[in-house]
Every structure is written in structure tokens, then in C-alpha cells.
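What follows is a pair of complexes built around chain A, which joins chain B in one and chain C in the other.
Entry: the complex of A and B
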């Protein structure tokens, strides 16, 4: 490397360091009254889009709750989906920043952080639907509910529609496996059959082999249980292969990128999730939905709604003067029907929620509640 | 408690140290560009986790992790014994992918991408290393023993032959040394320690899934070996400490929340680049890789 290149490199570094110091100095010092939350999200890497949606929800909620006086501060850490990295971040947040609450996303990362949070008696909100996640300890919470319930809701719908044979493709992880099991349980207990059930990996983008097998099995309904971009790719490829059955899907596909990949094939897909749009009578929540649409150019996603609700709930608890993790835990368990965009929040004794899954569909390129 | 955070980092340094010095044995001292190291680490972690979950005592699953990885190391050395340089790198890389695919797809044994949660902390003579301080002491002892053994190997006549094999294999064979056997032993020993590191990792984090054993996870270890300098144990130790601690101060720079993730990684990358610009052979590097 020659001298010019070295000089450029140094200039870049100096600019970054000065920028960082400048930003650090101008930042308002936090007072002792503020309660700190540590958010360990996938901010870079292939899962970054999920972390970004969660972050949007947190930011929106923070603006509202800190409007009059700063009561909550959120410190972000990037997990990159790496367990070691997430564990380091959790240790730093707990021991140095003295956070009282941790947020985590992705099932693997949440599983790795859960023992650390429980040991230090720090509340952990896992933004994951991993079945049994909250049973790992009394400080472990989730407001997304159990994945099996989503599967059950879709199963009930398929029965209502008199479908006799179903095919399933699901992502090979804890959440989507739970959805598959929930669907199968309801569907098969009513004398119908799941003719084919295939799992796929996060590295796959070509589903034609699976879809051809499905075509041969001639199901009446197909369930794609996966993340937004995979469901979109499956949809496009399924329609290409001439599969014209009704497609069911699950929470989390409500993103801009889903519509961008799936285009017109997205029309008519039916998916279940706990978010509520139209029937929110609460004007404050309506305002938030609008704000999200204005700022990010897309309707609020379930992931954003989940994190938004949790921050709002914590703010309500903190405002009553409760500031430490054990006290917040008790207040959380006492919460009854806290109004949230992703459904009202009431925790059971393990710290999980049981929200009603509603059906949605895509109509004219918009996510709308499903009507008969 | 600032100390709890540092204890955690010291444990990570310990695990990385075992991984890096054992990789140094095969890459630096023997000249085998071994990209299968992460697979041995994976084998060790899974062997240890599965045995621990089935109630075996610590010393059994810890050593079993090492020996199983060692067997894999030995097996890998048979088909690759005539390969050199880039070819060996590709073959061992393939091995890494195979082990990763097995961990991911043999769901009956490894639970696939769901991972293995709730791995118990080690118990030795009735004492459980449940808190991080005692775990750090355990890690430190294991690191020390591993270091001393590898150090002993490298300064022994056997180690000298390994280095001779790296520098000129033909000449070494002319002197009547069985270089294939030498390389085999070196790779197996290196794998043994990677297996031990895997066992420590599994019992420390208490949860493992295949994503912890991808090629991306090998790159930091390979960085340590190269930045520390090939065939230098002192350099490896310094590089391990620096590379594990390097991202940590970045956590304390107050970036705006919207760019916090990417900004830290950019700076981390820049610093690595700078080190290699000023020390192209690493801190204490003696040789260059073919």
C-alpha cells in the first residue's frame, strides 16, 4: 500500500473518531431517573431487516414516552445473529450500563441470552415465538405468543373452508416448526390429511423441487410458514409452476420487501397474526399507525408493533415510580389487558401472552383484514 | 459490577486462545492451511453438549470432545495427505461444510437449527462451575495446560521436524522422516485442542446451534493466527487478546441509533486493515504462508 492510500485511510479514521466524539459530547447527559433498556437486535447481516423493524417500533414508542420528560433510554447492541456476540452484549448491558430490561430478537440469540438475564435477575423480552421460551425462568417474557397458536388458527380456517388435503412448507426453526405442529394437530384431528410437509433452510432460494412434489400431491390448500422473503419467493415460483391453490401464511410477512418480491402473486394470500389495524378505537394507537406509515412509507409491521407495545407498557409501569427489574417483573405479571397495536397484553404466570390471531390478506397491494 | 463483563471477555479470550494456538500448530508450525478447524470445534462442542445433557461427568465429556475431534482430525489427514497450500485449504474447507451440514440436518441427534439448549455447567469433584469466576479459573487452567503442551511440542525435536516439513518437505523426506505421519499427528493434535475449546464453549454459553460453526466463525480465528504472526505462540496470544477486546471499546462510542451496527463494523474492519498495512507478517511472524 502506498503513501497516499495510507493517508486516506488515516483521514477516514480521524473523521470517524472526531464525528463519534462530537456526537458523544453533544448528547444530553442522562439523569439517574432514567430507566435503561438494552436492545440486542440483528442490526447487520442477513437478518438486519427484522432488527430494523423492531428498532422502528422502539424509536416510535420512545418519542412518545419521552416527550415531556426522559424516562426511558434504549441502548442498542448489534448481535449479528451471533451467539457469542449477543452474550458479550448482554454482559456489557447488564454490568456496565446497568439496564433493567433486555430485548432480544431471533430464537437462537434469545436462547443464549436467557440464562444470563435470569441469573442476573434482569427482565428479558424475547421478540420470538419459540414455543416454551418463557418457561426458562421467571424473568423471561415474550409478547408475541406461542407459535403453535398461529398454526392452530390457520388450521381452523382451513377446516371452515372445507379443505380436505393440505401441503406445508416451513422454515427449519423452532418457531415455524411450532406453527407446522399447531396446524397439523387441528387439521388432522378433524379427519383431514396433511399430504406433504417439507422443511427448508435459510440458505435456499429455489423451491421448485419442493413445489413440484406438492403439485403432484394435489392439495387443496398450501401453507407457507416462513419469513417474508422466502414466502414471497415460494409464492412466485408456485404460481409459475401452475399451483393455483389458496395459499396460507404466517405473521411477519407484512413487509414492503414481501410485496416487492411477490408483486401480483401476493394478492389473496391469507395469513394469521395478532396485529390489529382497523378495529383499534384507541386514537393514540391510530396516530402511531399513521406516523409509521408517514415516516417509513409502509404500514406498521408486526415486529414493529411488538416492540412498540412493550416500550409503551414499560413506560406506563416506570411512570408509577417502579424502577428496578424485580419490581417491574411483578408489575408486568399484574398487567391486565394493556391496549397494544399487536393485541392487548395480559401475561400468564410464565410471562407469555395469549393473543387472538386474526386473519389478514393482501388486496390491491395492501395488507388488509380478511373478510369472507 | 464492571468485573462481570470483563470476566466474560476473559473467558472468551481463553476459548479463542485454545482455538488459535491449536490452529497455529497446524497452520503456522506445520504449514497446513487448515480451514477445517471450525469443524473440529463443532464436533467437540456437539459431542460435549450431547454427553453432558445425558448426564455424563465433566471429565468424560470434556476429554471425549477432544478425542472425538482428534479422530476426525486424523481421518481428515488421510485423504488430504498429499495436498498442499490452496488445494489443502479447499479440501479442509469442504470438510467444514460437511460437518456443518451434518450438524444442521441430522436433526435426530443435533436437533438441527433448533440447537441444544440447557447444556449444564461443568461439575468436578462435586463442585459446579456455575458462576463465571470459577469458570474463568477452569478456562485459565485448561488454556495454560494446552499452551504448555503445544509449546513443548513446538520446541521439541518433533516440532523442529514439523517446521522443516513446512519449509521444505522434500528435503525432510530425504533425511528419512515420514512427513505424512508428522502432518497427520500435527493435524490430529491441533483438532484435539479445538475439540476441547468446543467443549468449553458449549458449557459456557449453555446453548449451541449450527450457526456458531460456520466459515464466518473461523475467520476471526484465522485472523488471530495471521495477525499474531505465523509460527509464533507469543504473537498468537497478543493477537487473541487484541482481536477479542478490539470490538468492545466501540460499544462505548455513542453512535446514533440508526447506524450503530454498521458503523462499529466499519471501524473494526479499518483497524484490522491498518494492522496488516503496518505489520504485513503479523506481530511476530517468522514465515510467510505459501
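Entry: the complex of A and C
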């Protein structure tokens, strides 16, 4: 190829590239009736199982709300639990896909996306209970409540049971730190003591030495505040080491893999969360619980319930003709007692919910409400 | 409490050693860092899950098939990836990058086929462990510790006494001279992958039973196994095993005094101390 031919080829390539970019940028969205939601979930990597559960909730809700005509479209982006990945996914969803609402999961990732969403005036629903999360801006919402309240509820329970000495192991992140603080506050203000409190990292699978330290401190009750698989592993290793104290735990352990790992050691664990299976009389929601069980072979988890509820709530708002983020925000703040599987939704002025944490336990391999 | 901490360190060290020994065997012969070894451990753990939990084979048959599969899998990795790269005169850095790529690929494939949930093999019933000099240990943990010691001796005799072992050492020592006397280096590379990966198979089975299965388990294992191998002297299999135990003990005794969040910090501080003060490791030879 001679020099002129090469130059012409380059010019042609550059023109095509510029043309393609121009087309892509100026293209009018073809489906204006549909509102777009960008969901930034951990779909691969260490936390993929949590993203999977949230995705199930979204998918179930979408099928229902889009049955007659398509009103909501969800675009998934994989955060892999990585903050940088999540931030660039958020930029892409806002600027290229023009989403009106963002979903995010995991405390760290949600914290990283919050300023981006707020700056662009795009609603962010964080599926996280990080304390103070929704206070970062008027576009930041959560329907999971504040983690500190979970700790407080468990602390109250420990006091009711007259435990004097408690031990805590918690996952090293904002949410679980919040739970630890909540528990400690209630427990220690009532003249009791947290004899040992240890954190663990996400790479941990061997808790034996932490548990050996707990054994030496001789508590009467142990709180494992972490994600399902870690709580299950701690439970197994604790029982193997001969620790037989009552174990307390937190929301999100309600999964099939928790029961599979922990086997019979799961029996009798007491945990606090806001899901309200037994109170659901709404036939539509009951139908959803059944559908989840049939399709995925396990009861609906809190994570799935959280995302399901939010999609349903957004669909209700969108159906009234509200389609832009600022208008949806106002409608969200006006919401009163929207019936959800993870408790009724009413937002406070910061965009968070105050649901009652209820106690649950495992009985004969089933997650059931705790009764005295 | 001392005896319990000692046992905890021994269990952790044995798990690291199981990973480190195969890794170090491959390194000593092929002279490049095969990070995908961690993923081989993970793959074999899932293969056991497939044979035993999904297909319902007899447990011991499943174990034997898994170990055979692991050896074959290692051979295959060498044949279709590393051998091709070596033929193109790829440097060790390229082989290293290829191995990291392979690690990520294999983890993604596990995620694709088996899903993200933690899987349990479910062969062992959870029960309180046995009391032993004031410490508690489960039967499986005893098996893990014994396996790693047995491997230590078998590998020692294999490299010192057997024909293939001697030839492997010859290639490790000086590839050109070994080839002049009629030892095929490529053949020895294949053998080191087969044996190293079969050990990874044993590691996968034992770790899978002890810690359950997760797609990303391989990365965590190879980080600790690699650290153990460096401390012990990379290229020396007995050294790698020794280094792994040292790592297990220092982590577990360390977090008795420090908050447990420092566990990884302890591991890496030891790594740095060795890299600075004794870069050839405990049993490594000075070049």
C-alpha cells in the first residue's frame, strides 16, 4: 500500500469513528415511555451470592410490573464489590444509559456511588444499612434502615435474657461496625460488659484463634455480626471448639447456603431483621413468596425482599406519570406505609426507613419467627 | 490455651503447606510462578463436589477420581498453555501474567458452572472435636495435619531417590546440561505439573471438606501458599512446607496478642522480613 492510499484509509477510519460517536451521543432514546434503573450489584467475585439474591428480587418484581406494558427497564452492571469498578459503572449508567434511578449493594460500593448520584441528581437506593448512609444527600435512599438499630434490638434481647457478659465478632465494614456499636451501647449502659470484641476480614475462613480468645473470656452470649457464610463458618468452628453459648446474629443470614454450611449448628441461633413473612396477609405478596420458593428452591431472603419492594414502589410511582428523578424523589418522600415484604415503607426526611427489627430463629432447618 | 493455639497454628500451617508444596514443586522445576495453582485447588474441590454431592458417587471413589483428574488437569494446563508459550520463547514474566490470567479464567468458569453460593460437600457431620492435651481438634483436621507431613516425606524421597525426581532436579539445576545427558526438559516439566497438580487435588479435597467451596477460594489459598513458599525458600519443597507452618504459627500466636484484624498484616510483615534479611528463605540456597 502506498502512502496516499494509507492516508486515505486513515481519514476514512477517523470519519467513521467520529460519525459513530456522534450518532451514539446524539441518538434520541427510542423508548421514552420506559424508565431506566441502573443496578450496580456484585454479580461476580466474592460477594456474587448477595448480588444474585438482590437480582432475584428485582426480576420477580419486574415480571409483575411489566406484565401489561413495559414501564421499567433494569440495566445491570457488575461491581465485583470493587469501588472503582462501581464508580465507573455509575458514571456510565447516568451519562450514557440515562437512568433515573440507581441501585447499589454492599456498604463500601454504596458509599462510593452516593456522591456521584447526588451530584447528578439521580436517586440512589442503597441496599445497605450503613449508619448515616442516607444523610449524604436528598437523593440518597435506603429501605433497609440503620444498622445500629439491629445491634440495639439484639442488645435489648440479651438484657431481657439476663446475660451479663457478651462477646462480639464482626465483619470489618461500616454496617457491621454500626451493629457492634448499637449492641455495645445498649448492653454496656445497662451495667453489663462486652468482654471481647474482635473484627474479621472478608478473606477469613479460619476463625479458630478468634474463637479460642472468646472461649478464654467466658461470655454468656456471643454475637456474630457478619454475612451469612462467615456466620455459618464461625458457628461450625465454635461448636467444634466446644463453645455452647447462645449465638445471636443479624439480617441477611437467611440463605440456603447458611443452612447448608451450618447444618444442625444453625438450630436455635437468634437473629434480628425486618422481614415480615408471618404478617403478610396481602395475597399478591404471598403469591410472590410462593413464586420465589418455587423458582429458586429457597424462601425469599431479606436481600431479595428489599429489592423487590423498591421496584414495586417505583412502579407505582411511575404509573402515575412521574418519570424524572427529581419528581420521583418527591413522590418517594410522600410515600406512606407502602406494603412491602420487608416491612411497610415510609421514608423519613433523610430518605431512610424505620422498620421494626424482629427476632427470628432456625427451627428444624427453617427460618421462623422467634417465640419465647 | 497454649496447646489450643498450637493446634490452631498447626491446622492453618498444614492447609498452607498442602497448597505451597505443589506450587513449590512446579516452581523448582519450571522456574516460573504458577499462580493458577490456587485455581487448580479450587477446581478440584468443585470436581469432588460434582462427583460426590451432585453425581452421588461413593466418597472414596470420588476422591481417587478427583486426584487423577487433578494430575490430568495440570498436565493439560502445561500442554495447552505454558508449553506453547515456552515454544515461542516467552519470558518468565509472560508466563507469570498468563498464570494470573488463567487463575481469573478458572475462577470465572467455576462461577459460571456452579454459581456464586458457597457449596458444601457434606461428607462430614459437624460435631464437637476430640480433646487432646487440653486442645480440641476434629478428626478431619488430624487427617489434614497428617497428610501434609506424609506429603513432606514422600516428596522428599521422591525428589531424592526416584528416577523422575532425580531427573527433575537435574533439569532444575541446569536445563542445558540435563538435556545433553539425555533428559527431556519438556517431559520433566510435564511430570512436575502432573505431580504438583495431583497434590493440589489432595489439597482441594481436604480444604473443601474443612472450609467449604467458593469460586474465589483459590486466590486466598495461593496468596498464603505463595507466602509460605517464599518464607521457606522458593524452589525448595521441604522449605515451602516448613515456611507454611511457620506462617500458620505466627498468624495464630500473633492474633492472640493483637486484634485479629492484624492476621494478614502479620503474614506480610514476616514475608518482608524474610525478603529483606534472608531472601533465599529458610532452606533456599544462596545464588
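Throughout what follows, the second predicted complex is superposed on the first by the 342 of 372 C-alpha atoms of A that agree within 3 Å, B and C clash if a C-alpha of one lies under 4 Å from a C-alpha of the other, contacts with A are read in each partner's own complex, and residues count from 1 in each chain.
The rule we apply is simple: a residue touches a chain if its C-beta (ideal position, glycine included) is under 8 Å from a C-beta of that chain, and two chains touch if they have at least 3 such contacts.
Please read these numbers as outputs of a predicted model, since none were measured by experiment.
Participant: Regarding the shared-chain residue A:284, is it in contact with chain B (first), chain C (second), both, or neither?
Facilitator: After superposing on A, A:284 lies clear of both chain B and chain C.
Participant: After lining up the shared chain so the two structures overlap, which partner does A:356 touch, if you call chain B first and chain C second: first, second, both or neither?
Facilitator: Neither partner.
Participant: In the superposed arrangement, does A:63 touch chain B (first), chain C (second), both or neither?
Facilitator: neither
Participant: By the touch definition at the top of the document, which applies to A:174: first (chain B), second (chain C), both, or neither?
Facilitator: first
Participant: Using the superposition on chain A described above, determine whether A:74 touches chain B (first), chain C (second), both, or neither.
Facilitator: first
Participant: For A:261, is the partner it touches chain B (first), chain C (second), both, or none of the two (neither)?
Facilitator: A:261 contacts chain C only, not chain B.
Participant: If we overlay the two complexes on their shared chain A, which of chain B and chain C does A:115 touch? Say first, second, both or neither.
Facilitator: First partner only, chain B.
Participant: Where does A:16 make contact in the superposed view: on chain B (first), on chain C (second), on both, or on neither?
Facilitator: In the superposition, A:16 touches chain B alone.
Participant: Given the touch rule stated above, what does A:44 touch, chain B (first), chain C (second), both, or neither?
Facilitator: Both partners.
Participant: Enumerate the residues of chain A that count as touching chain B in its complex and touching chain C in the other.
Facilitator: Overlap of chain B and chain C footprints on chain A: residues 44, 48, 51, 172, 201.
Participant: So in the complex, the part of chain A that touches chain B is made up of which residues?
Facilitator: 1, 6, 9, 12-13, 16, 20, 23-24, 27, 43-44, 48, 51, 55, 59, 74, 76-78, 80-84, 87-89, 91-92, 94-96, 108, 111-112, 115, 136, 172-174, 177, 201-202
Participant: Okay, in this complex, where on chain B does chain A touch?
Facilitator: 1-5, 8-9, 12, 104, 112-115, 117, 201, 205-209, 211-212, 217, 248, 251, 253-258, 260-267, 270, 273-274, 277
Participant: Under the definition above, what is the set of chain A residues touching chain C in their complex?
Facilitator: 44-46, 48-49, 51-52, 172, 198-201, 203-206, 208-210, 212-213, 215-216, 229, 232-233, 236, 239-242, 255-257, 260-265
Participant: For the complex, give me every residue of chain C touching chain A.
Facilitator: 1, 4-5, 8, 11-12, 15, 108, 111, 115-120, 122, 125-129, 136, 138, 211-212, 214-217, 220, 251-252, 255-256, 259-261, 263-264
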